[in-house]
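These are the structures in question, set out in turn.
Each of the two complexes below includes subunit A, the first together with subunit B, the second together with subunit C.
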Partner chain A sequence: MRTGHFKESYGELVALTDSSVTRAWVGLLVVALLLLPLVAGNYGLSLATAAMITVVGAVGLNLLTGMTGLISVGQSGFLAIGAYTNALLLADYKWPLLASLPASGIVAGVLSLLVGVPSLRLKGLYLAITTLAFAFIVNHVILYAEGLTHGPNGVFLPNASLLGIDVSRDRPLYFLVLAVTILVVLAVLNIKRTRIGRAFLAIRDHDIAARVMGVDLVRYKLLAFVISSFLVGIAGALLSLQIRFVNVDVFGLILSIEALAVIILGGLGSTAGAILGAVFLSMLPELIRIAFSTFGSTQSVTYTTYVYEIRGIAYGVVIVVFLRFKPDGLIGLWRDVRRYWTNWPLAY
Partner chain B sequence: MTDLLAIEDVTKRFGGLRAVGGVSFTVKAGSITSLIGPNGAGKTTLFNLISAVLRPTSGSIRFDGHEVTRLPTYALARLGMARTFQNLAVFKHETVVDNLLVGLHTRLRTDPISAAIFLGRARREEIQARERVEEIIEFLEIEDLRDKAVGTLSYGLQKRVELGRALAIGPKLLLLDEMVSGMNQEEREDIARFVLDLRDELGLTVLMVEHDMGIVMDISDHVCVMNHGEKIAEGPPAAVSVDPHVIEAYLGSRRAA
Partner chain C sequence: MRKIAAAGFAACLFAGPVLAADPGVTDTEIKIGDVNILTGPASFIGRAVSIGSKIAAAEINAAGGINGRKIVIATEDDGYVPSRSFQALKKLVESDGIFALSGTSGSANILAMLPLIEENKLPTVVTTTPNELVYTPVRPSVFTIGATYQDSFYAQVKYIHENVRQQNAVYGVIRQDDEFGAAVEGGYDKAVKEFKLKDGLRLRFKRGQTNFSAEVLQLRAAGVNALVNGGIIAGAANILSEARKLNMDLAVASVWSEDMPPSVKLSQPAGYPYILADYVALNDAATDTYVEKAKKYLSADEVGGINRYSYLSYVGLKVMAKAMEACGKELTRACTVSELRKIKNFDTSGLTAPISFDNEQQLSGRELKIYQLDPKAGTFKALVDFKRY
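This part shows the complex of A and B:
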């Protein structure tokens, strides 16, 4: 157990972490991520990029569903809006990436007000259904507004460059996504330790008490929607940069389910949990692929034939197992392990 | 003494049920006023009307010179009204410190952008908020519980955190809804002591709904009695306790028995 630990100023109380060990590990992780392109091949790098994009989206969704308690199954709609905004601005309107990337987030954030308004009256399952409907509406609008979105043909992204660097190549894209991910995680952690984050948590835990404490529910629920959708929109823009071709099929219902799976698996409400869940679920298909290939070539062929079915089953199994045995998610598992080793060899 | 809170002819109907009917009374600044009455008398409904959780069907409520009858709930905190709830309404997944910090919500200014950056003003503001919260923690003698999740504390301590959260608002008027129900003798005495300290040291005005007659008689300056949604008596504790209407409300009349 940590002892002999004193705070000498109030500034230390509001720091993100007071543990030098945590600080060292996070520093090490960032250095490792910066050095990753030196050791990983293109495939490994694109896996890591996809995982970090998932982290951005998951952290955004977690702010809404985990922190504020507003269940949204419609965030895949905002992912689509972000991806399409970025793709169209780059391809059709020749915007620079430096402008189109934030614009993707802003468009998603502004449109989220449309879903945010019903959320002022709806809670729980009712809100989930409303947001689900929204995701379908987004897909249909994209399909039928051909003049704007190219409809079913999708959008090919041109080679985009940022500050003179061509980010359509794997390495620059990796660094861009890494930078955005770090900024987003820091921003959300910061919001969580101010009155805004506390207002979100208060709304989740007891909305009447939150009102009596002076929290304007209308403003803060909408704010949660806007911030969350802004981040998800940014994730969509990054996704469009990675996949290079944007099409409605990418943003199906299964994506919203996956997104919920990520934050449940990670541990609802915890930013670290959302990160763990995103990384774990992004790597899961890869783990399954490796598992299949170790059992010989026939199994490998089975996997490639049924890759979507097997992935779907795996997500389902992971959600059920976690809800049944570890509802706190990976972050809960981590806390248990840490407590065990802190007290070891005593039981508690 | 001036009236901090004035309730005039307030009525609340839920469909055909008249929960509160034409109640008027005032709370003087710097006083401890108790609202008592048998179960179902409409005390908690009246509290919800005062704190704007519910809207009255008719009547008006004035607080500190403001007409607050039609204000949204969240606006009252800034005007300086704070309350606790009969059934615990703490944010149970958060720590004691975070619960108290929510109470400071209206005193803080941070906007989303500066919150995300957390440099300069946002950080300074958080540090000041922590200092303020430490004062409340010290006042309520819960120093050792700072970083515990409130849901893991005992009932009495959760109530104390809820009181602290209301104090963090920096209120002029504090509404306490059955603070001591479910508490043991020692916890009750602690709360009674806190309430007296609040009035004497911080100059707060307290309006409380209370079933514990010992506390009501000991610490209140003024008692208001309700039954069936109507005010049946008011006055100093000693006068109210011998009022025939009050005795009838609590014990029934001699003829009925």
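This part shows the complex of A and C:
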């Protein structure tokens, strides 16, 4: 019997969910995502792919900032490292995608130790500035290490294939990104319920208290950086597969800010929130486009012409509104709605 | 049952879209795509590009269209961000169903769009960013108009060497640390080696840098009196302003964007009569005729936004229209590409040198005209007519 928060065994305590309704909804979502290519055109698939890549990156950042409380605004650097590693291994070293994809995450993860070490002594804004500096350094190295990175010219990716399937095409890429997204989400949900995840949460809530309780701060802070950067590196590699060209201009610092906006809007610390935030903000321009097009062609042209200014304003408004009225983010809103309907008609 | 499910999944995985005849062409119209910088600090470039395309389309449509079909421009903003250029073109191709591409945004932006352009065999004329990487290697459906930055700076240094600083010249370059800056230094390097010039100092700076006091002090310490100024707009103006503070006697070579009114306004107070080499006309009968023509189709506000990028996108779309016209009623992308390859000595009414794509690189309009600014009047005078370097 389902008994709210009362658990009768350790198995129940660490299960992903004890709700058959949740399982059914998640199953339905996965089936819908699998069937999406049958109904969506290539542009729709491209948008969905971009949204899922954002999900991978956001879930990675959420593990570091939301779960462990270590603020990073250097994610564009790790994204660039992942994208460049994948691009260079595929284009210059002719590695198979099966090897270059995990290698992108590993290189980003290993290099994150460079930022992770200062994080042992720094917190809050000081750590944020350190990670920001790291992103600058990454851009600088990419531009100046021309022999390795092709410098400012960037790298064109060849048509990559996985198990004989050309993933430069929209559908196979969509399925690849979907598979990686599911794996990443499952991995992070599982990490959250292990000793490691609980240590992360303890560090976020009070690192000194966590240390007193036996949490090894050095180990777990570095681990948070490595896992988070690994995931962001994978997101970068997927992004490079989608665009098929990487250049420092692709990884502007605004990406780091947008990534923080995604997890704040979704609900800091919640994996489901990071997913919701990523999908919502990725689809926001399209939602606004649809809204404008319903008011006639003149408004539609206005939107097309000023899409990024309108998007920027919408980003700002949405974030301010959520911070003021719903600091728990989209996931908090979702919980409220769910609670309302669960208790209906006795909702309060 | 399992086999049917597997077959269904495989079909869903591998099946591509069923393509009809080339998209973007109906009995009455041809849809041309335009990915541009319409927001952010560089938006005046994108707006100028859009204005140029608008004039060309209006002129063609007023004359009856292309074999009876009107040109419709579908514009998408990319905010100067390469990943957004990719998504914008994806939308234009997949959702709006464009036939060809005319506006191609900035250097990194067109590079990010190239895989998609190649995949869709999209006839594309690149006019605003003639980056070497666009035509090397040659993409069959991509045609480029314009000289390289390398050629532009080589031409200017050559001019300075032969006409301005014939004796005791010490050359220096200050440039951005990106692919554009590398091209600037490439032209400088070529000239320095060819004419055995005294190479005083080479400096790099990060895009967006605004304070150049340290760099200009270094240039003065190195005795530089002939400067290749690789700054753009505010950056270029700040470099000149710092040099004026130090009373440096400089012959200055500049980026072609320095011929636009906002750039001139910023650089004028420093008082340097800088030179520049551009592959588009600036202030002669050709541009006067163009502006008069524009007044027929545009608002006064839009006419005020005309600059070199408007002339270029106008030329690009006119060349594209010429090729489409040659295809007759059976307009396809393959035919347009084939006809673009046959373009020879297309007259641009003096806006650029005549356009010919009948060469291996599908590259034209590389001839440069050298101009010099009159800092008091804020106008340019032509020093050397269109010439290939």
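FYI, the second predicted complex is superposed on the first by the 336 of 348 C-alpha atoms of A that agree within 3 Å, B and C clash if a C-alpha of one lies under 4 Å from a C-alpha of the other, contacts with A are read in each partner's own complex, and residues count from 1 in each chain.
By definition in this document, a contact is a pair of C-beta atoms (placed from the backbone, for glycine too) under 8 Å apart; a residue touches a chain by one contact, two chains touch by 3 or more.
Here the structure is a predicted model, which is why all the values come from computation and not from measurement.
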item: Contact breadth on subunit A, by residue count: subunit C or subunit B; value: C
item: Partner chain(s) touched by A:29 [first = subunit B, second = subunit C, both, neither]; value: neither
item: Which superposed partner A:14 touches (first subunit B, second subunit C, both, neither); value: first
item: Which superposed partner A:250 touches (first subunit B, second subunit C, both, neither); value: second
item: Partner chain(s) touched by A:99 [first = subunit B, second = subunit C, both, neither]; value: neither
item: Subunit B versus subunit C as contact partner of A:308, first or second or both or neither; value: second
item: Contacts of A:337 with subunit B and subunit C, given as first, second, both or neither; value: neither
item: A:163 touches, of subunit B and subunit C: first, second, both or neither?; value: neither
item: Residues of subunit A that lie at the interface with subunit B and also at the interface with subunit C; value: none
item: Complex interface listing, subunit B residues touching subunit A; value: 51, 53, 72-78, 82-83, 85, 89-94, 98, 101-106, 108, 110, 112, 115-118, 122-123, 125-131, 134, 165, 169
item: In the complex with subunit A, residue positions of subunit C that touch it; value: 12-17, 38-40, 74-79, 81-84, 86-87, 90-91, 93-95, 108, 111-112, 114-116, 119, 133, 177-182
item: Partner subunit B, residues of subunit A touching it in the complex; value: 10-11, 13-14, 187-188, 190-191, 193-199, 201-202, 204-206, 208-217, 223, 227, 269
item: Of subunit A, residues touching subunit C in the complex; value: 34-35, 37-38, 41-43, 46-47, 50, 143-144, 151-154, 156-157, 165, 168-169, 171-172, 175, 239, 242-245, 247-250, 252, 254, 304-309, 312
